[in-house]
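For reference, chains read A, B, C, D, E and F in written order, and residue numbers begin at 1 within each chain.
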Amino acid sequence: MTRIDRREADQMRRFKITKYFQKYPAGSVLIETGNTKVICAASIQDGVPPFLRGNGIGWLNAEYSLLPSSTLTRSQREATRGRQNGRTQEIQRLIGRCLRSVMDFKALGERTITIDCDVIQADGGTRTASITGAFVALALALDTIYDPKKPFPLKDFLAAVSVGLSKENKPILDLCYDEDSTAVADMNIVMTGNGEFVEIQGTGEKHPFTHKQFSQMLSFAEKGIDELISYQKDILGNDLVWKIGRIP
Amino acid sequence: MTRIDRREADQMRRFKITKYFQKYPAGSVLIETGNTKVICAASIQDGVPPFLRGNGIGWLNAEYSLLPSSTLTRSQREATRGRQNGRTQEIQRLIGRCLRSVMDFKALGERTITIDCDVIQADGGTRTASITGAFVALALALDTIYDPKKPFPLKDFLAAVSVGLSKENKPILDLCYDEDSTAVADMNIVMTGNGEFVEIQGTGEKHPFTHKQFSQMLSFAEKGIDELISYQKDILGNDLVWKIGRIP
Amino acid sequence: MTRIDRREADQMRRFKITKYFQKYPAGSVLIETGNTKVICAASIQDGVPPFLRGNGIGWLNAEYSLLPSSTLTRSQREATRGRQNGRTQEIQRLIGRCLRSVMDFKALGERTITIDCDVIQADGGTRTASITGAFVALALALDTIYDPKKPFPLKDFLAAVSVGLSKENKPILDLCYDEDSTAVADMNIVMTGNGEFVEIQGTGEKHPFTHKQFSQMLSFAEKGIDELISYQKDILGNDLVWKIGRIP
Amino acid sequence: MTRIDRREADQMRRFKITKYFQKYPAGSVLIETGNTKVICAASIQDGVPPFLRGNGIGWLNAEYSLLPSSTLTRSQREATRGRQNGRTQEIQRLIGRCLRSVMDFKALGERTITIDCDVIQADGGTRTASITGAFVALALALDTIYDPKKPFPLKDFLAAVSVGLSKENKPILDLCYDEDSTAVADMNIVMTGNGEFVEIQGTGEKHPFTHKQFSQMLSFAEKGIDELISYQKDILGNDLVWKIGRIP
Amino acid sequence: MTRIDRREADQMRRFKITKYFQKYPAGSVLIETGNTKVICAASIQDGVPPFLRGNGIGWLNAEYSLLPSSTLTRSQREATRGRQNGRTQEIQRLIGRCLRSVMDFKALGERTITIDCDVIQADGGTRTASITGAFVALALALDTIYDPKKPFPLKDFLAAVSVGLSKENKPILDLCYDEDSTAVADMNIVMTGNGEFVEIQGTGEKHPFTHKQFSQMLSFAEKGIDELISYQKDILGNDLVWKIGRIP
Amino acid sequence: MTRIDRREADQMRRFKITKYFQKYPAGSVLIETGNTKVICAASIQDGVPPFLRGNGIGWLNAEYSLLPSSTLTRSQREATRGRQNGRTQEIQRLIGRCLRSVMDFKALGERTITIDCDVIQADGGTRTASITGAFVALALALDTIYDPKKPFPLKDFLAAVSVGLSKENKPILDLCYDEDSTAVADMNIVMTGNGEFVEIQGTGEKHPFTHKQFSQMLSFAEKGIDELISYQKDILGNDLVWKIGRIP
């Protein structure tokens, strides 16, 4: 089996994170993974939704969108259609849930963070790139309100990657769009810097998969996430690496 | 650790499927799992959506809803709100994807099946009960259009179960609502009669989980699904068991 | 003239009310009238809508829905369509208006009652079955908050029935779907235990009707409602019969 | 009992119909009943909705709206809210149903008529004024496509009036807004030129009413409708009076 | 070049404003310009939107709508479609912006004015007629709350007119629908009593226009607006002419 | 008067257009004007909307959106709100109208072009930047389907700029956000390569403006547009400059 772009089965595409991509949000990055490009922004607002008010704890929400021009054939704008489709809602619920798993909302206090992931080019893996990039935007944003007398509101690092079974039924890491559309099974794995699982989402709509295949995909994912978290540490720098998980 | 209802950690709640619960749909059941009750119906319609037309293959869609009176405190009716929320859409996408994984759409021909899962009482595990019950409704519906010269349009059995980590961080099978709301991790597993995975969805929003915890949950799920598929076979009877997976 | 199901012109279909059908709402019944089956639930919530606040009086609202699988051919889910259609809104306005006519909102105090009527099988007469069943669910719900120092918040019994003119232009009581779809005129009558009218809705879209035909239909309706209210009294029991209308 | 505007209990307010109020629709009138003013227009379009196509028969639909500035305190524009409320839908369903009851759709052929009733001043009785006025607009519109070799597509005259029980529990005819808002019961009656009933809608939300009260209200309504149909005949002129109901 | 209705190139259609057209709003007029007819109403409500609260200043909003029966071929009702289209929103934003430009919101105090422009017949120039008529309705409404110790809340007169380039590329004033639909360029000009510009909106979708053509159109517009403002002064009377712009 | 960023009154901000910014659309650019950044894409699809079918002519539509993270304080996502607001609709109608004014739709044939303008950073002038950038994306897209036997489907160049009156009442060119929010008047001018006007939109909501001020603003705009069109020619290159407006 040779992959479309001649990568090894367990090889990631080239990835790159550009910090401070936008001027106004508290944190903002552009993440590129192969041809997939996503703008991730983190905005901070005082106050929390009604159901949390008065408890001294914060909240985080995520929104996700594809620019109509980001896909192979233009996709319809959801604001024109008047509602977000099921896929969009499922992805933004996933992004929010994952980022919340590493947040210390007590340390954040009564503030709400909104994560925006806007895909400007979509070549597979947009949801995992969104999580990996949004984590960096979130760390940058939280640094702007850091209070050394409190724990840093992020408890650990977080990154995500996709794995799957190619049409030849072989495990592969970090699927591009062409691989994804022919894969027989498809998984998204989200892990912390500590090597624990936050999300495992595997689906075999075209073909169910065995326990053994599942284990192989999982170890490919662990390798990919290791590389991503190393890179996040490089890009965020020693100071933030030291702060993340810190309890004064 | 003692469970709220004194079950063993790897013990399912009592479950029961009543066939032909409604008069009009091609297939219809009431599934009860503990206090969770779901009406599952399968309707068959000639023709397929435009993107499939003319290929001789069929399609299946699922819809899911909670009756407002099904929950501990009344939930708002989605038709009144004017849109389905993200959770609803995510669940109905899951149900559809799982049932499609065991369908032979060529054998079905240009027909569309709509699965309706309407929860009349919600005490945890409504999405897994929906999948397990809908499979039976689907089998009954397909039997009404069975053509012995073609493969039966279902390739295998299918059932689903939830597993999780209790607040004491112990694996437990088939969570009721009280367990679910305090669990630190939560998984839904969908498997075929052949013991392969169709979906693995695990999330550790409250606490990430380790590889070892994950493996324990997975083996609990396999036990539960075995019991459910045995029961599906009993309820459907020898004739349908013989038909499912049959290729003439 | 012989009716489809060999009933006399002034004969009701068999009807049955199962109390406590659901676990969570304050009151809940399943009402069956021939093949028509409706789940009726009454939920009580503290507080009232803004326009009533501070007057010490309560409110009651009703919602109505057909399960997609309840009809001869599957109906589209209103939450998917994004809005309730005109028929649904008209019916739920009717149900709310009728139940409010026998409520003593001062005795209720600043509470809001929500009635949910969810049709699980529709064979004609779903709106009248909803009113008759919802009355029982409402009585059960109000009993849970009964304060003997105040009047019971229900002033009288209430039931509803349909009458019409068959295609042979003869009056008939309690139309099933097949009769309803060929009837030349169609009426819904709602009356109190005291024999007074709460609603009279007659329509002759296919053919206008005379004063005399109208009177015959009315007396058929009175007969049907008598039988329904007797049954409501049986099912609710002496204690509640004594409470309804009671002023301490 | 003296009425607010010193009318007798069985006296109509002054009414007036202005033909050809708008330039573009096939038929258009302004109807005034006391201070209530409604523009009624009838537009004719070739073709029918899909469910009727190919049968050679036509269709009629009605829409109803209150100008925001038509009510005592400004009402919210439904186009701004994004949906029509239940009251609006109920009224336009009523108007359509009543007008359809006197139509000969076979004589109309495959055409669709749209009735627009736009209330520019609302002082009670807008739905009955809409029906009475729309009948005249409809007759004018049908005259523009009259084919003497076919029956005229209107079979009979049609008018509507409201009756009620005043707060003193006395029957009154043609309620203005102030009477309507304090009435204990409220009915809308729609009748043909032939003296038959098309709709009877009576509701006693504030207080149930007796059989005797109901009969009194009905005879008041019959008196009012007589006057309205006489006036319609005057206004439409001998030629149209001769055509309505004519079969060549 | 001869115009369809034989007017001179710089001649307005006949226009007329009827004051107090509706009974309930604080101010209301019917404006007629040729066959174009618009009901303009101004309603006053205590309080302002949240973003202005507590500053002692008021606000004004405008809404615009075409009756379905107002156009050559019936237009779809926006409340039925479930949303206002882009043209409607653009027009009501324009009307609101223009009227706000001559308001003294400090003199108004914390009140909100809603302007409703409902077109009952549309023969070109509905947006400019709306502005010209709404100004008069607004002046009438403000007069009802006039406090002589404060400035009158209107600082100056305001009127609007359309100009364009005919299909022969000649400037024309006050286009009727037939002229508008064949014009190569189209402008709407809004000016104050003082001869200053509030809005200039010119568009050459069919053909770009030169600087010189633009100047000619502008002087035609100035002539038309002069005539309209003279008429507004006549219709409002000396007392209101004296109040508008007055500072005590 | 000194401008915030020390520019001369008639000086543009630095602008830059990056071609081929996205991989999938037929034409795509990133336009930067000061801190304003917009992605403009042009997609080509076979076929036209129903109202144009069968005439051999094409169509062009534009859509516009602000990323939530593009603004000083995060703006709500329109897909979440469920509808586009009035400002968005007004801007996308403007962009479409302007680009259509220089299109030769006969040369295009039965194809539809969709322009997407997605603002990733908003510092004033997003609508004019969208038009200027979208023109370049459109030229690139049309080049991919160029048929030398037909006219090139673009008849002329097109660019847009904003001008206004500063809070000191002085004309200024190309307003940044801070200038825009304090300006007393505000205009957007769109012109062709030939020096003719396509749109003039001037508004004096805060303060009406005189004829003289208007003329000064217009000449500033002409200067700015000259610079933009020169730059468009540089960026598109000789080959496309030669094609635009070419008739074989």
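Definition applied: contacts are C-beta pairs under 8 Å (C-beta built on N, C-alpha and C of every residue); 3 or more make two chains touch, one makes a residue touch a chain.
These figures come from a predicted structure and were not determined experimentally.
Novice: Please tell me whether the contact surfaces of chain E and chain F are same or different in residue numbering, using the over-half criterion.
Specialist: same
Novice: Where does the B-C interface recur among C-D, E-F or D-E, taking recurrence as more than half of the contact pairs being identical by residue number?
Specialist: D-E
Novice: To lay chain B over its twin chain F by CA atoms, how big a turn is needed, in degrees to the nearest 5?
Specialist: The C-alpha superposition of chain B onto chain F needs 120 degrees.
Novice: Let me have the rounded angstrom distance from the C-alpha centre of chain A over to the C-alpha centre of chain F, please.
Specialist: 34
Novice: Would you kindly tell me how far, in whole Å, the mean C-alpha position of chain B lies from that of chain A?
Specialist: Chain centroid spacing, chain A to chain B, equals 28 Å.
Novice: Taking each residue of chain C in turn, which ones touch at least two of the other chains?
Specialist: In chain C, 82-83 touch at least two other chains.
Novice: Which of line, ring, star, complete and other names the graph you get from chains that touch?
Specialist: Basically the chains close up into a ring.
Novice: Within the complex, which stretch of chain A touches chain F?
Specialist: Residues of chain A touching chain F: 22-25, 28, 35, 39, 41, 43, 45, 63, 65, 67-74, 77-84, 88, 114, 116, 118, 120-121, 123.
Novice: Using the touch definition up top, name the residues of chain A that touch chain B in the complex.
Specialist: 83, 85-87, 89-90, 92-93, 97, 100-101, 156, 187, 191-192, 194, 196-211, 214
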